[in-house]
Structures are given as C-alpha cells and as structure tokens.
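Naming follows writing order (A, B, C and D), and every chain is counted from residue 1.
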Amino acid sequence: MNYGAILEEVARALADAPKLGEVATYIPELGSVDPDKFGLALHCTDGSSFAEGDADERFSVQSVAKVLALAWALSLDAESVWRRVGVEPSGDPFNSLVQLEYERGRPRNPLINAGALVVCDILFQRTRHAKDEFRDFVRTVSAIDDVDYDPRVAESERRTAYRNQALLNLMRDFGNIESDLDEVLDFYVHVCALEMSCRELAQAFLFMADHGRCLPAGKRKMLTREQTKRINAVMLTCGFYDEAGEFAFRVGLPGKSGVGGGIVAVCPDRFTAAAWSPRLGRKGNSILGTEALALLARKTDSSIF
Amino acid sequence: MNYGAILEEVARALADAPKLGEVATYIPELGSVDPDKFGLALHCTDGSSFAEGDADERFSVQSVAKVLALAWALSLDAESVWRRVGVEPSGDPFNSLVQLEYERGRPRNPLINAGALVVCDILFQRTRHAKDEFRDFVRTVSAIDDVDYDPRVAESERRTAYRNQALLNLMRDFGNIESDLDEVLDFYVHVCALEMSCRELAQAFLFMADHGRCLPAGKRKMLTREQTKRINAVMLTCGFYDEAGEFAFRVGLPGKSGVGGGIVAVCPDRFTAAAWSPRLGRKGNSILGTEALALLARKTDSSIF
Amino acid sequence: MNYGAILEEVARALADAPKLGEVATYIPELGSVDPDKFGLALHCTDGSSFAEGDADERFSVQSVAKVLALAWALSLDAESVWRRVGVEPSGDPFNSLVQLEYERGRPRNPLINAGALVVCDILFQRTRHAKDEFRDFVRTVSAIDDVDYDPRVAESERRTAYRNQALLNLMRDFGNIESDLDEVLDFYVHVCALEMSCRELAQAFLFMADHGRCLPAGKRKMLTREQTKRINAVMLTCGFYDEAGEFAFRVGLPGKSGVGGGIVAVCPDRFTAAAWSPRLGRKGNSILGTEALALLARKTDSSIF
Amino acid sequence: MNYGAILEEVARALADAPKLGEVATYIPELGSVDPDKFGLALHCTDGSSFAEGDADERFSVQSVAKVLALAWALSLDAESVWRRVGVEPSGDPFNSLVQLEYERGRPRNPLINAGALVVCDILFQRTRHAKDEFRDFVRTVSAIDDVDYDPRVAESERRTAYRNQALLNLMRDFGNIESDLDEVLDFYVHVCALEMSCRELAQAFLFMADHGRCLPAGKRKMLTREQTKRINAVMLTCGFYDEAGEFAFRVGLPGKSGVGGGIVAVCPDRFTAAAWSPRLGRKGNSILGTEALALLARKTDSSIF
C-alpha cells in the first residue's frame, strides 16, 4: 500500500477545510501556538515511515502522554494500576468530579485526568526520579534521544491546575493518592508537557501496534502482547472522553487526543499514525486531526471494525 | 485454523468452572431456564460453522436482538437513528434514567434500553406490521425460516416493564418517542423475546463480520460496509452497559449480551461467535459466556486490538 | 392590626408592577387563563377575613392541593406516609427523576410530584371512592359546600402527564406504588384540578394555622397539633421546589405554590393568606403572588423568623 | 415560664438514654473528647439564663461557627455574600462536590462547607487580620472576653482537609474563590476550631433571637432585623445538611449543628438554646443534642410552626 501517496491525498483534501474550532487556552502557555499548523505522520511495523506538513515540528502532547505513562506503569506494577483504576468509559468530561465522588475515589479509567493522576502516583511511588525516568522511558520507546519536557508549559499548567488539585484532594480523601499531592501534580504536569512532533509520536507509539516491541531495529520488548491489547482497548473505549464513541465510529482505531491538538491512532499489526492541528472542537479534541485520521483510516482500509 | 478443535478445548476448559452467578428473574418467565446450559457456536465468513454443547437449543436472546433492530433501522432510516440516539457509552446501568433526564431525552446509544426503545419507535413508524416484518428481517439475515418470538416471554416482560415504561414516558415528555407508548413497548418486548440458538445467532450476525453481506450463498447485501463498521464500533463501546470496557479489555471483540445469558461476538472478516450460559454476573452479563469468548478470542488470536 | 388596610396597601403597591413571567402551558387547559388576574385574601384564626382584587374567582389550585392531600393522608394513615416518603428538601425541580433513582424510589418529600403521587396511592388504598371522599374532605375543612374539580383540567393533565407516568412507573419498579398506576394518576390529576378562589383557599388552610381546628365556628379538629406543625415544617422546607429557600428568605412563612398561579401561606396562630397571579417565574412559582405575600408578611410583621 | 425547671426535666429525661452514635474522628483531634458529656443552656432575650450538665465546659463548635461567620460577613458585605452563595437547601451531604460542579462553583447555601469557604474568602478579602478580627467579633456578640480558637484542632483539621481542599480548588477553577487557597483554608479551620461552652454559645447567638441586638445590657445592634430573619431562614432550611427537614420537623426551630456535638437553636423573640453531646448520628448531627432540643421545644411550646 502506498502510504506516502495516501498521506499526501489526505493533506490535500484538508488543505482548504474551514478553520473551525479554537486553540486551548486553559493552560495559558498553550494559547500562543499557531492555530493553523497541520502535521500528519505514519510509521509502519515494517520500519517504513511517512510524513506530511508540519510533521517534524514539536508541540505539547498533553493527554496523549497519558498512554505512555500508563504503558510504563503497567510494565512496572500492573497489579496496582488495575486495582486502583477502572477500565470503563466515563461518559463524562475529562475532568469531572461527579463520578469520582459517587465511586468513592476510584477513577473510571486511566485516560481521564483522575486516572492519569493515580497512574502518576503509582509511578512516583515506584521510582526514585520519576520525571527523569519517565523521560528516559519515552526516549527508549521512541528511540529519540532528545525528547524532553517544555518546562514553561509544565509550570503554566501547574499554576492553574485547580481542577486537577481538586481531583487529587478528593482522591486523597478516599485514600487513592498515596504520595505528596504537590509532587504528584508536578510529575503529572511534566508528563503532559512532553514536546514531540507527529513523526516522533508515531514512532513512540509503535510498540502499541507491534505487540510491545519498540524501535529501533533491535525491537526491544517493552510490554507483553496482552498488555498492549489492553491499552489499545482502553484507548478505544476511553481515549476521547465523552467523544470516544464518535471516534470509534468515525475512525475505527484506538487512539488518544491531547489539548495541544495532537492525536495518535494505532492500527494493530500495521502502523501508528499521528496528526496535529491545534484547533479543538467543543469536547477538546482536534477537529482537523480527527478528520485527517478518519480519511486516512478509510483510504488505508484500516478500521478494526 | 482448526476452529472445531478450539471450540472443543474451550468447552472442555470450562466444563468444571464453578457455578457462579444467577439466572435473571426480573422477567419472571426467564427464571425457569436450566442455569447450567452451555452452548458455543462459531460461523466463518467462508461458510463453515462449528458448535459445542447446547448450541442448538433456543433461548431468549433478549438484548442481543437490539443489534438486529438497530441494523434493520439503519437499513430503513439511518438519518433518524443518529439524529435521535447518540453513539457514546453511557457509563451507567442499562436502564438508568439519570443520564436521560440530564440529556433531555436523547439516549446515549442504541444498545441501552432507552436507545433501543427509540429504535423500536422509528421502526414502528416506518413499517406497517413491525412485529411481523422484524421477524422476517431476522429470518432473512439468518437464513432460518422458523425463527420466532416466544409470546409468553414477551407477555411476561410487558406486564413487569415498569422501568421501560418510565423510560418511554420520560422520552415522550421530551418529544423523542412519537408513536403510541403501548405499541412501542409491545414491539420492544417482542424484539427481546426472539428465540434463537447459539448456532442461529452466529449465523444471523454473520453480515456484521462480512461487511453487510448475509447468508445464504447468494450473500445478499443488507447494509453498507460503513454501516456494519459503525454497528461494530457501537457494540464495542456500548454493548455491555457499564461493563463494556471490561469486555473490550478481556475479549477484544465487538459484542452484545442479553439477560437470557447469550452473547454474540464479531470478528470482522473472519467469523461470528455466540455463547450461552444463563448465569449472570452483577452487571447482567453471562459469566461463562464471557469466559468462553475470552478463551476463544485468545486461542484464535482474533482480538481486534 | 388592620388587615383590611394592609391588604389594600399591598394590592395598590403591586397594581403597577411590570407584567413579568408566563402563564403555565404544560397543562394545555391552564393556558387560557387571563394572565393579569390578581387576588389576595387573608383569614384570621379569630374568624375575621379580608380580600382584595379577584379574590373570589376560582382558579386551578394545582400543587397547592398536595398539602390538603397530605393532611388527609396523615389523618388516615400517618405511619405509611412517613415510611414511604421523606421530609427533606429535594434541591431539584419538582418533577426530577434523578434523585428518585438514586434513592431507590422513595421520594424526598410529599410536596414534589413523586411524593404527592405516593400520598395519592396511600389515599387510594385507604378509601373506597378516593375522588369523592377527597372532595368531601376539602369541603369539610373549608366549610364550602360546592368546592369541586374542573374535569377538563384533570383530563387535560392526564393526557399529557408523561413525566408523572415516568415517576409512577419508576416508583412502581421500586415497589413504592401499590395501586393501579392509571387509577393513581387519575386521582392525582383530579386532586390538582381542584378549583378554589383565594378566599376559599385561605379558609381551607385555616386548620394549618390553628393547630388542626378547622372552620366553621364549631372548630372541628381534623389533625393533631403535632401533625399541623409537621406539615408547616415540610411546607417551609419543601413547598417551593428548588426555590424553597428563597421563599423562606423573602416571605418567612410556610407556604405552597401551584402552577395555576396560586400560593397559600400560613402564619401559625394568626392567619392564613392566599394570593393568585397566573404569571410564573422560571421555577414555576407565581411572581406577583410571591411579591404580595412578601409585602404582606413585612407589613404584618408575621415572618416566623 | 419556668425555663430552669424545664431544662432540668429535659436533662433528667435523657439521663438514661441509650448511648448511640459515634464521636467524629475525621478530624483526629476531635476523637479524644469524652463521648458522654452532655450540656444544655438557654438564654432569654430578657437577659435571664439557665443551664444544665456540662454547660460550662468548652468544646469545639465546628460548623456552628459558620453562622457567626455568615453574620459577620453580612454585616460587612451582604451584597457579595448573596451574589456568590445561594440560599437553597442542598439535599446533599455537607461536603459533596457533585452539586458544586453542576452549578459551576456557586454553593447552594452558606452553611455547607463550600458556602462557608466562600464566606471565609469574602471575610479574608474585606479584613486585614481575619483570624483576629473574627475572634473579636465573636467576643463582642457573646460579651465573653476570652473566647478563642483551639490551635491544635485547627492544625489537625488543616492537615487532613483534603475534601475542603478539593472544594476550594474546584470553586477557584470556577472563579468563586479569590484569595490564596491556603490562607482561606487556614482561616476556615480556625473559624471551625472556636472553643465555646453551651452557655457561651447560647449567649453568642442571642442577637439572632433579638433582631440583631446583642449582649450585654447596652444591646449593641450588630445586624438589621431583616438580616437576622434571613439567617434564621437559612438555618432552618440548610442548617443540618441532608437532615434539615428532619430537624425542622422534630424541633421546629432554626438551628445549626457541628461535628463537635454542639447544636444551637433560635426561638425568635424568646430565647436561644445550645445543647452538647459528642455522639453523632449517620448524618453528622448530635443524637442527644437533637433529642434535647426537641424535648425543650415541645415543653416550652416554642416551635415556630
């Protein structure tokens, strides 16, 4: 299949799309991005890769990184993860406290904020230097040596993270956060402040399409086959907050979005793809990014359904 | 792949499983089934089929039939379906009214009771003799001439359907039910009262695995490729109420359960499978049925993730 | 205290008030009332009475009658009432199903629709001819022989009572409605369809201000002192749905409103008052009626706080 | 009326009551109190006062102090209070976040935790040394010079105040907390850590029964007549969380409880009463304290209903 040509077609088809949606501003630092950036990349399990547009420009991956944190936590302590976090779609916005109160501090899944905070708490407990080691983990799975956090974004989010503070305190009240709340939050905002390009994201997620084997050629095994299947399942049912069904419906691939405008999608056994466009719809997902992946999935006949 | 041998292995592996869970009794007529029945069937897109245990004994398919009603409605009037019903997981029990009130009478998806009632309302509006024609539709897609309703189960459910009456009245209050409420309910309880065996269910759902083409040999096209993908996506995210994530996680296939103890699963391009065991877990899904399909998916390496 | 002069002052003060709010139309038959009617009446425990404006014109008392139904039910079977219905404010709109589902079919209080339906169910069970006997009860406590239902209003509400049907069915599902649902609903819509004037309402509620003794001179005792105190407490905390605090705050008297635009208020030991103005605010309470009673309470220094 | 004899009767009637309920332990420091303490005091608007049992022993007044904070805030900036906090019963536990999220950070009333935190924020903004000045305010209205905070209780609550931190952060996210969160929390835990005896509490609340005039003889006016009526109304509808209706029903007086086991009740124009017994019921209100006030209200015929 000529993926390069397909990517080009997709990019061309969207070149004149109306400029709908708004750049996220709830983290002040994110508001300064050029809203009309557009990148698209695809990385095959056979090692070949393709890209279009601003696919080599780094941006703030935000919630996309929750999947990497989950993957790392599963490799270190899967038992704690599934004891303290569920695997069900939440049916609520990403930062809602309602369900968390009714369900006594156990987040519905690891991809809503509450769940990602618990995952960060687990990682913080299991490691000595969580921030450094998580960065190393991402560098290893992506085979890119200089992936790093944007400290200004981390700081900008930390200073305005009232909603996440509320989640942390509520879960702590129920006994489901065990480390110091400020430390967990600091780690969490760093995870979300990872900077990567579309091409790098596609590369970093390749182990999700290849049963736990990651780049480079050596194909080091980071997770078991079962574990990657589970993460893909959670992405499909929970990766887009209260638009998860819509993405499964329109794209048909497990995926995860971030408010920086990035989206990663996984086609098991074949490829990973990443799209970037900072304009978001009402529910916090990139409008053109979703559109691009929907087109790509159709043209490559890669829906898992 | 030797599906026959795999089914046998699965059946053997579960033969001595502890007898956990309870038969549904909220529809009185369902309470009389032998709780230890167990059937398993698989039907390939190439036409071959396999079965184990009580795979030829008919049982009340209950909510499994909601998928067939949805498929028929999409073939008749897809626009109305997606205008009046959503595609998001509900995150709530199958018969909850809470979300419906907050979201002003538009059900989250077509596989919870509220959504299936709207689908029945649409079908009732678009047809002359909804009950007869739906039975004909099921006979056509399954290529089985004598599939029929169990009138005692329908009547038994109709007489105790207070929760569904509450849903109907609430949606009517919001203007999302248009026909006579008693007629819609009567049609709905008949849909749920379909009697089919595992083998027949696997056969009836084959068009979901084969891009809309159904049995027999002629392979009449009932739905478009896009439509079946959408139904599969909805089954994956919404087919098991507040256990949808768990099923995606453990089995990795789109599927739908019923309180009669049946579960159907779809492996796109390869096969459909149906399991039956009347003992249900706390959330209304068959315990051994889920277990059987999880084993089957693992042994056939058919998870879509 | 010269109540007559005070009533006149209140009426004069409101004569030029802006015409805000809308007449209720959810019961079609109610929509035809003249929106600018205004009545005000006061009846003292010493027997004297005063009136202004359209105080002798009958209107549909609607939810105001829930208090009379509660009073009658307490006189017949107080134990069942407090076992099956709570005494807490609901904090939700009058017809919400959310709380009812969380609290498994036990309504928060007898003045929201769900609670009043349970009260009607209790009355229906304890009597032979509930409609006739309730009318007789109202005639007795008010000492007015020709108080009656408006059958067109009852029928109009019955035909559009989807929300109440939903409540009934949900409570029946939880086992908290015991009679035939249609019969209970029919009784309920009749209770709400009582037609009375302000003067008559003030007279009918006098036993609430006089420790259970009602008109006429003989002062027959309908309820115990304790029971009327309890009803007054429930009116104060629950009589105005999610505006109960506002009414307590502004008027400072136990009271009950109806969507027909009537409001009754009780000043224990001194008087009852009734106001009528069909224009309602967003939460279903008469705007000018509330205003009139607030002024009246201030001028008569009758707030219980 | 011989209040002294009545208090004695009440104390005697409860002397052998079963020891039900548990001392609050969620603030560790509170757990060390003797569970069987019992005090009762009454202060008349004519200046006379009466007491029984441990009525002179100070205890942690906890949420009872929310009323004093509200009174002080109303005397300083009533407009801000009613703009930022509602007057409706919440129908939820005292520390619930659910309603706060649905209603976008505006607490239902000033007596649930969220509302009291907003009141503290307003006081913190309007004053230079909030803690010192609030203490002075309480000393003034009670005419007791040495009323003070228990710093260990304040510190104990501050260290475990996860739920209140969650409320603060959530409201800050909605823009309804304006000062530094830690400062507001520090002030709030001090307000709750006031130590007073029953006799002192009855004295401090006297201005609520006497239209804003407080002790001593000089009868300095702290609030307007209207303001005290409003506070009494809010206490009646909201002073006991999701047991407000129950208290109105059984006692029939505006009141406020605290998890230290104290309860204050106000009988307008006549007296204030305070009871103390540390054993709490399931909803956080003193069991014997409620019982004592119910008896007292009956024997003094002081229910406002």
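In the analysis below, a contact is a pair of C-beta atoms (placed from the backbone, for glycine too) under 8 Å apart; a residue touches a chain by one contact, two chains touch by 3 or more.
Not measured: the values here are computed from a predicted model.
Student: Could you compare the number of C-beta pairs in contact for B-C with that for A-B and name the larger?
Tutor: Between the two chain pairs, A-B has more contacting C-beta pairs.
Student: Looking at A-D, B-C or A-B, which pair matches C-D on over half of its contact pairs by residue number?
Tutor: Repeat of the C-D interface: A-B.
Student: Centroid of chain A to centroid of chain C, CA atoms only: how many Å?
Tutor: From the centre of chain A to the centre of chain C is 56 Å.
Student: How many angstrom lie between the centres of chain B and chain C, each centre taken as the mean Cα position?
Tutor: Using C-alpha averages as centres, the distance is 48 Å.
Student: Give, as an integer number of Å, the spacing between the C-alpha centres of chain B and chain A.
Tutor: 32
Student: Give me the residues of chain D that touch two or more other chains.
Tutor: None at all.
Student: What part of chain A is in contact with chain D in the complex they form?
Tutor: 96-98, 101-102, 162-163, 165-170, 172-173
Student: Enumerate the contact residues on chain C facing chain D in the complex.
Tutor: Its residues touching chain D are 86-92, 99, 108-109, 228-230, 232-234, 236-238, 242-246, 248-249, 252, 254, 268, 303-305.
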